[in-house]
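Going by the order they are written in, the chains are A, B, C, D and E; count residues from 1 in each one.
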Amino acid sequence: MGFFLETLLGGLMAGMLYSLVALGFVLIFKASGVFNFAQGAMVLFAALAMARFSEWIPQWLGLESKLLGNVLAFFIAAGCMFILAWLIERLVLRHLVNQEGVTLLMATLGITYFLDGLGQTIFGSDIYPIDVGMPKDPVFLFENVFEGGVLVNQEDIIAAVIAACLVAVLSLFFQKTSTGRALRAVADDHQAAQSIGIPLNRIWVIVWCVAGITALVAGIIWGSKLGVQFSLTTVALRALPVIILGGLTSVPGAIIGGLIIGVGEKLSEVYLGPMVGGGIEIWFAYVLALVFLLFRPQGLFGEKIIDRV
Amino acid sequence: MSTTPTIVLNVNGIEVIYNHVILVLKGVSLNVPEGKIAAILGGNGAGKTTTLRAISNLLKGERGEVTKGSIELRGERIENLSPADLVNRGVVQVMEGRHCFAHLTIEENLMTGSYTRTDKAEVARNLEKVYNYFPRLKTRRTSQAAYTSGGEQQMCAIGRALMANPSVVLLDEPSMGLAPQIVEEVFEIVKDLNTKEKVTFLLAEQNTNMALKYADYGYIMESGRIVMDGAASDLRNNEDVKEFYLGMGGGERKSFKDVKSYKRRKRWLA
Amino acid sequence: MSKKIGDVILDVQNISLRFGGVKALTDISFNVKEHEIRAIIGPNGAGKSSMLNCINGVYQPQEGQITFRGQHFKHMNSRQVAEMGIARTFQNLALFKGMSVIDNIMTGRNLRMKSNLFLQALRIGPAQKEEEKHREFVEHIIDFLEIQAFRKTPVGQLPYGLQKRVDLGRALAMEPQVLLLDEPMAGMNLEEKQDMSRFILDVNDEFGTTIVLIEHDMGVVMDISDRVVVLDYGKKIGDGTPEEVRNNEEVISAYLGTSH
Amino acid sequence: QAKEQFFPVLVYRTGAYAPNGVPFANGYVDYLKLVNARGGINGVKVSWEECETGYATDKGVECYERLKGKGATVFQPLSTGITFALTEKAPVDKIPLITAGYGRSESADGGVFKWNFPLAGTYWVAGDVIIQDIAKKEGGAANLKGKHIALVYHDSPFGKEAIPILQERAAMHGYKLSLLPVTHPGVEQKSTWLQIRRDRPDYVINWGWGVMNSTLLKEAQATGYPREKIYGVWWAGAEPDVKDVGMGAKGYNAITMQHGTEKGSAVVKEVLEKLHAKGQGTGPKEEVGDVLYMRGLFSAMFAVEGVRQAQEKFGKGKVVTGEQARWGYENLNLTQAKLDALGFKGVLRPISTSCQDHMGANWARIHTWDGTKWNFSSDWYQADEQIIKPMVKAAADKYAAEKKLTRRAASDCGS
Amino acid sequence: MFYRENGQFKTSYRADQQIFPIAQDRWAILALIAFAFVGVPMLADEYLFRAILIPFLILALAALGVNILVGYCGQISLGSGAFMAVGAYMAYNTYIRIDGMPLIVALLAGGFFATLVGMFFGIPSLRVKGLYLAVATLAAQFFCDWAFLRIGWFTNNNASGSVSVSNLQVFGMAIDTPLEKYLFCLAFLVVFALLAKNLVRSAIGREWMAIRDMDVAAAVIGIRPMYAKLSAFAVSSFIIGVAGGLWGFVHLGSWEPAAFSIDRSFQLLFMVIIGGMGSIMGSFFGAAFIVLLPIFIERISLLVGLSTAAAAHMTFMVFGALIVWFLIVEPHGLAKLWSIGKQKLRLWPFPH
């Protein structure tokens, strides 16, 4: 029982982290109809920037304070993400207005390659730590109830809280503001949105920038857990079942989807895995998402797929 | 009206090529005077839509480009402005084929039209005005645009453009798919806005009858060229126009039943 | 008019269709006789397109049934409908944008093509012959609709009016007994409408195809149709010859206005 | 122009495995530079060209094809996947493969794998020695009975290589072995560690590569599993694996391929002096002598020494072909004296190969991370030939049967 | 001037239905094929064969398969790598488990099993669409990766989970040298390209395209979405499966599941989109682009004196940038660019 609870908790925490990455996908898709495969690369790029600047800045400025170094690095990394967003709009999206989804998707794959190369060129391809003072050691709850207690990581809890806040803010933004409405309009029809004066260019910069900062937050959390290294891009693959399960267009869906996937894959790996030799969690997550899709093709909270003649 | 009105829109000899190879407009020039209604008429594929797209700068998304000529709005060259800039300058296009935002409700669709405006109260008033023009929209305000009928979507598209409080409206086939009395209403609305709020209109229309009835000036287009232009009243009385576009050759309206099995083709261009 | 109108071929009985709270159709009944041109008119959002969608199985009405050639159906299934010989065109152009005109129209023949995947892959013998045979038929339609010049153009690049013609061609290629046309003349000028009318009349005359037509141009409707159904807010408010409908008070106030 | 002995160098300096690929490549190239600085192989200068594989098999094959045309002496793919693919190609092209410490364990059997040289150790050696050390800690192999060992492995042929030997030993000693695969690249280990939390195995063996290793240690820390009870394979026991975990990895053990961090060794001093001091070194100076750097360094040394050996037979001071070099690798005889002369005193033990034995040595030690550096924590171990030999032979025979190969005749050995 | 269809009148529909209705095209393609079979063998060296031409041919074949599904039927799939893997592993099992199994039959059997798996994973496409489907197909990818690693039967219980084949023979002739391998793959490619072309210009091809362009309308004219989609999955995964078999048997000789990882799926999708969706020719362009370009960029970067790492990073960046650039220039891929080029040529020297 204690172990079940622990697995459940572990799943929820992992799920929250997936959600954070999924959020970036959803934001961009919702606001521009682009399925941004570069999200993983953006997480890596942002995390690399954060890791390296937090190392370099104290060196350059001769700072003693780690906190100050981290804060400065955060802002510089955020600045990098802004510049990146701006460049992507300028050089890529602007020229692909009104193109089909797959074309846009491929363009983001192109961006992925580019970022992978660029990130490693500027920041190196070693493993770099991000130390924002997250507590690393475990705490044990209910030690008197279950044998061995229930283990939780403070780090995970902090991450989950941050993710939850981010989501709350972003969903409010999308549902309640006129910019949010405009973003949804853009996703539906680029041209029509242009025709009524929605400035696609500015909107895209904003959205990619927000997604970039989400990526930065995700990158910091993941990076502080795992270290920043090229493999961070693969967390994107973990987030994909989350978004299709939650629905490509739903911010809360990213969270609920994340939790379901997180819990589902941990439970499956821990309880079913040993029967078939283990290592099933990744495909199990996808199959889980797929099964949900069979009942709701638009995901749990996604906008209904419209087909009408 | 003896003083010559100022020209808002001046299109000067533009050529448009799609996909780098398909030459569609072959030197089109037209003028739209301030506060007037101008109509572009012409058959399928004549290039009406393309002309409007060229003006509102929506060609890029269709992989088309203006290769020659110039377009001026109140004396300012606008070829390099973004569509959003144009809306800020008061030029709004109602696109052919409706293009409502499928996932947004009718009301949200209309509200996106007011994206460029800041005064909330005024926007609310404007929304009421649109609902007044199209009561049908009000009853469907909460349904997603994709699930409304063709005509409702057309109304929504027109209404949405009006929400931007434009000074120049480019209307592409506003009457398409609308019931007869709605068509009339739409043209009445156009006239109304034109006279009361001095909104300038450039419309592309197939419904020549209606268009010439409400427009001040008409351009007739064929295969990418303007082949005839003149005051609407003149065009209405032109024999050729009468025959080809108004169906009144020989003074009388022919029944659609009798067109059977014979075919005429007379064109200004071979 | 020497046309002989036959028995009832399609009978729509008490159809009701709802989408959530929206009542698109309420208790609609009407019939279509063989060889006739039957128009459906009504204001925007009256439920005309929905009616066609019910007939050819895109929508499933909650109530009512449809009888086609004596067979009763509660729900139709698109494929079944197509096999029985009902074809249609669409209001919002549902062409296959990436395909050429010929290919679009050829899809209309697909139901009649029998050779299997392997023969098609090898393209030998029967498969080749079949392809040619149908191609010939399609060429007739292309000639008939006068779109020879655009044979190989992807339809997405054609102007709106021609796309409507291709849409018609695709439906014709099915050699249907009943042809459902949803606003075939929207977005056309007079001359083109005349052409279109001519096509419709020819089809009706030469192939004996029964036609159900939705159209907002009263001139066309009144001129070419034999009988007219009028819908308003999902209800039937009139049914009869053009003459009768034209003089029906309710129809005038709901739809026609005074000027017609 | 004097002809040069050409060494292709397959590297991965980018991608998921770059943190480990880079120091290895630096060491490898530095050694080749050193050889030239020392005057070549009996006067024959060496030349080399790097080709980036990104740890991807098809890229590796492309590199192989590209470089083999330039007169390649020997390939060292540093990737199990590429090794598998090249194992099929090398015999055709008559180019030997050195896979020091990786690749197929059964390729130690020179009777079947004529062109493969898993010099100085295979995975079965590594697995065997780890169990020996555990047994020692437990006070003898008999005490292993009823113990529980978990193998956390990279879910790929590389990771799975460990399974047979551990199972073999499990059958002998009666410990329970559980297998916990981790999917590439290894950043997701939460459920693995949940299982470890539940089962509380006595030991965890880490068969990882790249980022999987540091992730594993972080997860161990997060679950509070004692690092002292974790053993890594020699690809999981270098600085990049533990550096950013720091104190969190204190106590973690890893098997060494004979050497550890060897900053004090003669060869490292020579590299620093002859190359880095002149600005000709590869990579950062601080990393010279690190574990993977040393691995690269001695891998290159093997490649070179095989050529030197071949020259004995085919002509001193001449460039040898791949085929001739193969003979050299098959007849390596690196005595302690030779090794010491090359600067590997205290780093390596003697290695001598033969027609049947393409491995040449099966010694290993354990080193332990103290939070800042690796320290040796055990004596030398030798893998148990009694166990491994039959396994190698059986596996090699199976391979031969599948490929319809016949074992090399004794007469073939001399060639 | 010389590239005109003027004066070439078709007197029968058969003539008009040819794959290349324009005579110049016909000659050009025949010459190209002849060159591939005769000229290339005389010119190419071993590196070209083994590192470039053979991978190109096999990947072009796989891309062809993907194009049928993605380009013609509009079902975006990221599971192609998995179908290749199924083809390779099942061909392997057929080959070693049945004595005297001919190579070609084994490869086709691999294709057959890929078809079964492909159709199974195609079932969701009846309900799930677009990007949702794309992501869902990754389930196939990860599942197959896992299955081939975990289930011993597939690898003939090989401890390490990798398999290998050798001594390939066709009709008693050894397929050993690069040249023989090249010709073997080329023959496969030519035959499959022809068959595929036939399919896409037949009724079934039109059904696929109809489903792609507008599935509701397709249903109304009597096309069964289930049949069309599943047949596309079947044909596509058959071809991909055969390509997978070739990749394992002919190109690698020995492989592990990582050879057919998700990266391969992306790579194939790339080829199709860069090459041109819904174009057989496009698959070839795409494969050439994706196979050659990185090698080319890397070579250039090395030539200008970049270090290996810098060159690799540069390759990534330039490659990524080029992809984006091509998409901007022509979202419909190289094949479209090619046809625009031809159109211009036809008009030359009198544009418009």
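Here, a residue touches a chain if its C-beta (ideal position, glycine included) is under 8 Å from a C-beta of that chain, and two chains touch if they have at least 3 such contacts.
Given the structure is predicted, the values throughout are model-derived calculations rather than measurements.
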Fewest touching-chain hops separating subunit A from subunit E: 1
What chains, if any, are shared contacts of subunit A and subunit C? B, E
Listed by label, which chains are in contact with subunit B and with subunit D? A, E
Relative to the centroid of every protein C-alpha atom displayed, which chain's own C-alpha centroid is closest? E
Weigh B-E against A-D on C-beta contact pairs and write down the one with more. A-D
Taking each chain's centre as the mean of its CA atoms, the one lying farthest from the centre of subunit E is chain B
Could you tell me the distance, in whole angstrom, between the mean C-alpha positions of subunit B and subunit C? 28
Using CA atom averages as chain centres, what separation in Å is found between subunit D and subunit E? 37
Find the geometric centre of each of subunit A and subunit B from their Cα atoms only, then give the gap between the two centres in Å, rounded to an integer. 44
Euclidean distance of C-alpha centroids - subunit C vs subunit D, Å: 74
Please set out, as single numbers or ranges, the residues of subunit A touching at least two other chains. 120, 125, 277-279, 282, 308-309
In subunit B, what residues contact two or more other chains? 147
Can you list every residue of subunit C that touches 2 or more other chains, as numbers and ranges? 58, 90-92, 94
List the residues on subunit D that touch subunit A in their complex, please. 13-16, 18-19, 22, 155, 178-183, 185-188, 190-192, 194-195, 197-198, 210-211, 214-215, 218, 221-224, 240, 243-245, 248
Under the stated contact criterion, what part of subunit A meets subunit D in this complex? 3, 6-7, 10, 14, 120, 125-129, 136-138, 148, 151, 153, 155, 225-227, 229-232, 234-235, 238, 265-266, 269-270, 273-274, 277-279, 281-282
Help me check something: in the complex, which residues belonging to subunit C touch subunit B? 19, 22, 42-46, 49, 91-92, 157-162, 183, 186-195, 197-198, 201-202, 216-220, 223-224, 255-257, 259-260
Residue numbers of subunit B touching subunit E in their complex, please. 19-21, 23
Tell me, which parts of subunit E touch subunit B in their complex? 340, 343-344, 347, 352
